[in-house]
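As written, the chain order gives the labels A, B and C, with residue 1 at the start of each chain.
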């Protein structure tokens, strides 16, 4: 890179020139858009190096365990900058999601030193943290020698940071006084409706307002538009089926996974509210869901929306975002809408999924791994990844406030920002933290599959599930 | 008479179709673009493309979300390495042992032979689960050596039982004559016994290779990305916004071609191999 | 060791003492590596039994302790486990039964050696050589509800929206079909070899005497073929009851609990729920079943081998 270009990017970062000016002048110097993007990232990384010694762990090597996900792509796009910044050698393994968490569980539980840092969700830390497999990141965040003063932990949306912290005691809330910071938020998702505007126009319908309305409209659109099905939701026999649309809708109807009585957990999956909601949910899938719903992961749900096989999805907002941004058939046709399932409620209550980064407690390179976490969640990196790649929803307030990011959203993703603003106030993790998260949600998904196939009635299925849940909790010694 | 022939012909055709159609269709799909595959109703008329194979070989998966690397060629390499070395190791361990079992009746031998045979039928996870826990502590997890060692569970019993049968058929007289001519036991073994049992050794080697190649659960549990063979690697073909079915089909074709080709060579020995020598082809 | 006439009168005498000592040590020397392999397998096996007697969950390291038969009692009183037994038995009976029937039928069709049957015999080897996990993926692609070629054919026959492996009612059917595709050739090949090895006289005599075909089939052929059928059947049974690859690649045990056979259940317990104790107990129970079955198998197989040896 020449001095002219270097100077140009530094000016931009220092705020001396606007983005538009940067693009124009860089273009005049013969740089294409992609090159500008990469160099901008590099410049931002160099700027970060100003106040903090990123080269502390120079010469070491770290290995990452990553999920097959657009976030991973955004990370790898800039990984060379990280290597240059820190002098670390970085290698990684990527697995598709249906085996990803098995790999993580295996790696952590065996206390293997193979992987230093990895992607995880908040829920998984409820199992990994209390088992002693994760490093409490507070020891790094609160240590001025370990964390750059520019890093600004306060910029990370507090709700998200707290959701990744838990004391490990069932019954105690997330982010409470004794909570350990098991992971660092990196990107998150709310659950709302993403729909195909073209199909909705053809069927002359507006985005649905609540669940009964959704069922009606989904049936209408699949009748009016040939060769599609109405609404896509996940259905595979896994925890991933419960946390997006299902739990968001359930919360709206006043249901929950557990109630806490005297510090003890009691299963609430068979409450009247849960039964009422689940009946509607199963009905929706039977009437307007995908044909092999029981195999559907988020890959399939998103892919169908993008390919024009489904009219809408009630799943992660970012899923619709990916379909709109990628090279899909329905690109440009996707609309976004916040969604409150309960007709009696106005505000959406989306459950939140937070992709986070964590450090293996058995790692031999914890400080080096922390450098990686810091870099990945730093403002510059988040801003770059949100504007140039697909790391949405960004976890930092400053990124949401950034004009460039807002422009990008309003230009190409009409309705997304509105959907976010409508959904954000009611968004949090509505699961009750407990270490048997995987077991219980997997059984819950299996139960939904049985109800869908009419093997068992909804009431009976949920009663059985509640009984099964209590038994498992008792066996593990964490229930009454 | 005629009715019966017609019935026979119909039956044979149906059988041929049932067993061969899936193979044919998968090969067809591997030459289709994703758009062609997703077309409903499916049509056998399409313009073929090598795009899927190119993507696999070059290691680049161009999807709607960007370009991702695929390591399928690495998987093929892993399958080859794991299967070949497992077979070689089994031959080294198994052929002498098979000779011993064939020639000498010693009680420990019968016990060992039976144990190895019975473990061929034991649930693999029973052995894999504790092995996984050890391997991680001694650093053999996700290594070639670790897996080749464990693959002996598949290949060694096969080698032992097939080759033993062949050694039992080799006349002892020839060996004795050679020995009486003054040659040592070792040279008798290498110059006479092994060449005479060569068909059996070849059969055992080819069959073991095929079974090792087709194995799934061992590599799933004791291996990770660096040693993943094609059977496990074929599961990994999903992307964030667009599942590339054409590439899955091409990957499947790649993974079955080696064994199908080898099978052509093993036809003669298949019956004996599959029945562990109980039935002579 | 026999001393035949080959030795002859002019042969040099074999050094007797050296030979005798060699004969003693040699077998053990030769089979030492194989013995190590044996030991190498027995150790994890014993370990698995050991784990099955403990409450051992990787996520709760502080609660690890000996509970003797606690896991077994818990399993045997768990409806979910009995469901696993039921599903595994169903799968085994269906696959073995159907494969034996179909395999026998095909073997009889291929008995007569013509160009067609020879070609078919070769072609039939191919499905057997495909890895079961890969075969399952192939069928998964073909039965995809949206674009699968088989879904299309079946809809032409009037079954719209046939759910293949996505619905509990048809999931078992689908995986049994895949299993049949892969393994029927195995049975066919064995039975065909058995058929071709049968003596011709009884059949020729029966034809001359005008004995009805059903009698020939049931009273002459089947009894003679029985040892082969038993061998093939037991072989398949031992594999089917521990089926993992096909079901894992297709649905990982779903939908619901429809295809939760032994090894899938054990895998789920061990790798998703990190409950090593319980998983080991399931595997030990499965092993006990296969051990009993394999004893029966080996006895029969040895008898068959002797017969093959005798005839050869």
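Quick notes on this structure:
Throughout what follows, a contact is a pair of C-beta atoms (placed from the backbone, for glycine too) under 8 Å apart; a residue touches a chain by one contact, two chains touch by 3 or more.
Everything quoted here is computed from the prediction, not taken from an experiment.
Taking each chain's centre as the mean of its C-alpha atoms, the one that lies farthest from the centre of subunit B is A. Sorting all chain pairs by how many C-beta pairs they have in contact places B-C at the top.
The centroid of the Cα atoms in subunit A and the matching centroid in subunit C are 43 Å apart. Once the centre of each chain is set as its mean CA position, subunit A and subunit B turn out to be 40 Å apart. Subunit B and subunit C have Cα centroids lying 15 Å from one another.
Annotation for subunit B: residues 38, 40, 133, 235 touch two or more other chains. Subunit C has residues 146, 271 in contact with two or more other chains.
Multi-chain contact residues of subunit A (touching two or more other chains) are listed as 98, 106. By the touch criterion given at the top, residues 57-61, 63, 74, 144-146, 161, 163-169, 251-257, 268, 271-274 of subunit C touch subunit A in their complex.
Interface residues of subunit B facing subunit A in the complex, by the touch rule stated above, are 38, 40, 63-66, 68, 132-133, 136-137, 141-142, 224-225, 235-243. Those residues of subunit A that touch subunit B in the complex are listed here as 68-70, 73, 93-99, 103, 106, 110-112, 114, 227, 297, 299-300, 302-303, 306-307, 322-323, 326-328, 390. Of all residues in subunit A, those touching subunit C in their complex are 98, 101-102, 105-106, 109, 127-128, 130-132, 236-237, 290-295, 309, 435, 438-439, 442, 446-447, 449-450, 453, 455, 475-477. Residues 8, 11-12, 15-16, 18-20, 22-23, 25-26, 29, 37-42, 92-94, 96-97, 99-101, 103-104, 106, 108-109, 112, 114-119, 121-131, 133-134, 149, 152-153, 156, 160, 165, 168-169, 172-173, 176-177, 179-180, 182, 185, 210, 213-217, 220-221, 230-232, 234-235, 245, 248-249, 252, 255-256, 259-260, 262-264, 267, 270-271, 274-281 of subunit B are the ones that touch subunit C when the two sit in their complex.
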